[in-house]
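Presented below are the structures under discussion, each in the form of structure tokens.
Look for chain A in each of the two complexes below; its partner is chain B in the first and chain C in the second.
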Partner chain A sequence: MKARFILSLILVSLGLVAAILPQKKNSSIELDAQQLLNEIQQENHLISTDEMANALINNDPEYQLIDLRSETEYKQYSLPGSINIPFEKLFDAEWAPYIDQIARKNVFYSNGTTLSSEAWMLTKQRGFKNNYILQGGLNEWYTTIIEPEVPASINGEEAINDYEARLGAKQFFTGAGAVNNASANTDAKKPVARKKKKMVAGGCS
Partner chain B sequence: MKRPYIKLLGLIIVLLTVGLVFTSLQTSKKYKFDTKAIELHKELVSSTHFIDPQKASEILSKQHDEYIFVDIRNPREFDNFHIEGAVNVPMQQILDDQFISFLKNDKTKVLYSNESIEADQIRLLLTQFGYSNLFVLQGGANYWKENMISKDVFKSKGEYDDEKLKFDISKLTATE
Partner chain C sequence: MGPIIPLFEISEEINLLIAFLIGIGFGFALEQAGFSSSRKLAGMFYGYDITVLKVFFTAAIVAMLGLLFMNYMGMIDMSIVYVNEYYMASAIIGGVIMGAGFIIGGFCPGTSVCAAAIGKIDAMYFIGGSLIGILIFGQTYPLWEKLYNAQYLGSLKLSDSLGIKDGILGLLVIVAAILMFWLGELAEKRFKREDISKEI
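== the complex of A and B ==
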């Protein structure tokens, strides 16, 4: 009689453990193929270099840059405030609190967009929220923020405003021309209001 | 006094077992989904699924029957310019029933979009949902149009890598 009791007790505890386990596994929300396809097409997960530069200039705490390149590349150069999670370590337990969270916007970046978009796809598939891609990666960062192209005059006022904002940003990130051009400092703050609406669009994903 | 106690335990065990079977049936799909992303991650780290323009032009010039180029841009872009022999499957329709048998056939598909980002994401999506033998053309249609125009004429060597830095890294930190 006592043996049967112990046996039952073991079974009950086993059952309880087993019943709780799978529930932990699916705490994240599953997307089906069509939803994922829609998300890819909506492009709400792309953050432009202008928007990112702006966030960095304004010290916006909402954004967390994540550098997916190797440690060597990261040490050589990285964007301000970024942390390094080499792509192959993306799902290592130590980084889980960073990539599976709801507090901040993670912005993945690499030299191009391959690593960042793959990281986005994988985290999306696992149901993690708040992950984004820096559009064009460091290559685009360079051609838009560090060495912005001078717009042709036919591009109109908006293009010129963009360009001025970028020059301000360039100065912020490289320190170039800081001494002789004090007025550029105010330019750096320019894009604040204008770019905000784009960020709202990416809110629910 | 002991008997009803055991009966109660027995009942709990039965209920738990039924509940367990029920929930595991319901969650097995989600669990698989989760592991698949991790498997996919390992695959991405260990092997390449990219074909550079150089290799693609070789494939085209040798007329390898086992390869097929899939243009995932919209029909307008496809009509405007596409790689010789490519088939147009707009990404919006990639999951439609009509393309299932095409995506499942034995041929190796080389997906391309304007650049490589969309094709890469679509490849991951399709791989995630069970299709294999998919590759992505580095640089996409834009690079091809600029540099490869016809299979015999190259403006560049066709070695394109999206993840390669296109400028001198020291310029990023340049002061004065």
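== the complex of A and C ==
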């Protein structure tokens, strides 16, 4: 009888403590402001135009370019293989399988980097993975890939090598056979959707 | 911080392996509690043995307190913990059918597997019966579909529907459990059955 009494007492007191404790909401998915700040400072989310050009030339299936500009702008000019998700439709259900997935690296781009940075922060904060930013956006794409600047002779060998690679890329993106408009290859495959976290089935004895 | 095992980051095979290990643990605990004996299980209905009540409520209280404290310490994200969906109509009807099956067959689905594992023939028949029932239900599902999905209330928590804090509900459940244990032990004395062996 005594053991029963002690056990009951322990349980009730634990229950009392639980009742007094304030209710807390944890989220393992969403990032708080400090975590987001750290992520931004690490700069792991930036993909340079050279890196992207190289991936496109090699037909790297790992990357999925996402154009955040309006549909008209996208139709005028877009990067090969990109899909158009206008910024205001970023969280539409239609695009969820693209921006919330674990299969490919999404590279956001816009004219500058405002839209892409905002999109990256919003998706990052919601805990989506595999989203990146094209560094400098289309403006930088133009000044580095389409019209690369001739390095001054004072720059080292590395700069010359970069320049040559960019000239090659320029030829690829603007030269014979390469088409840069929306009619080009945009048959982006739908990536495997991230598994829903709530799909665990419950069961009783 | 987060789930102890992030389900969506491990492979399906590892996931099944973990489920397998947990399943073995669950079966072992059921067997150790004496739940492979239909005498013990039926005792809950007739009032001469309330082990079932004690085991399940103790398990529920321990798990509940664990979740409450882990949540308070930021060790678990309750928003992605699975909460069984509540279909009111099928919960009531299913509960009645399960209760009737429990007292007629002497097992519940989980304990029948436990008992079959230690070689009880009645439990094997019970499993066969459940499988036939599942087959019939599956084949005639369109007939029941409407009833089955009626009054869907989603992943509802009791504390949310009552509008009280999780912790306070926890305390109420503990108090209720202790009262039930106490009443149950009185019932055990009142409905004592000397003719029923305590042996498994």
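Please note the rule applied: the second predicted complex is superposed on the first by the 147 of 205 C-alpha atoms of A that agree within 3 Å, B and C clash if a C-alpha of one lies under 4 Å from a C-alpha of the other, contacts with A are read in each partner's own complex, and residues count from 1 in each chain.
Just so it is clear, contacts are C-beta pairs under 8 Å (C-beta built on N, C-alpha and C of every residue); 3 or more make two chains touch, one makes a residue touch a chain.
Keep in mind that this is a model prediction, so the values were computed, not measured.
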Report task. Tell me which partner A:8 touches in the superposition: chain B (first), chain C (second), both or neither. Result -> both
Requested in this report: Identify the partner contact of A:150: answer first if only chain B is touched, second if only chain C is, both if each is, neither if none is.
Outcome: neither
Report task. For A:103, select first, second, both or neither according to whether it touches chain B, chain C, the two together, or no partner. Result -> neither
Requested in this report: With the two complexes superposed on chain A, say which partner A:16 touches: chain B (first), chain C (second), both, or neither.
Outcome: both
Requested in this report: Could you let me know whether more residues of chain A are touched by chain B or by chain C?
Outcome: B
Query raised in the report: Should A:122 be classified as contacting the first partner (chain B), the second (chain C), both, or neither?
Result: first
Report task. For A:77, select first, second, both or neither according to whether it touches chain B, chain C, the two together, or no partner. Result -> first
Query raised in the report: Which parts of chain A are in contact with chain B and also with chain C?
Result: 4, 8, 11-12, 15-16, 18-19, 22-23, 25-26, 28
Requested in this report: Spell out the residues on chain B that touch chain A in their complex, using ranges where they run on.
Outcome: 2, 5-6, 9-10, 12-13, 16-17, 19-20, 23-24, 27, 29-31, 33-34, 36-38, 40-41, 44-45, 50, 91-92, 94-95, 115-118, 120-122, 124-125, 128-129, 161-167, 169, 171-176
Requested in this report: Using the touch rule from the top, collect the residues of chain A that touch chain B in their complex.
Outcome: 1, 4-5, 8-9, 11-12, 15-16, 18-19, 22-23, 25-26, 28, 30, 33-34, 36-37, 40-41, 76-77, 87-88, 90-91, 110-115, 117-118, 120-123, 125-126, 137-139, 141-143, 146-147, 173-176
Requested in this report: Flag every residue of chain A that touches chain C in the complex, lowest number first.
Outcome: 4, 8, 11-12, 14-16, 18-29, 194-198, 200-202, 204-205
Query raised in the report: Where on chain C is chain A touching in the complex?
Result: 1-3, 6-8, 26, 30, 56, 61, 65, 68-69, 71-72, 74, 76-80, 82-84, 108-111, 155, 165-168, 170-171, 173-175, 177-178, 181
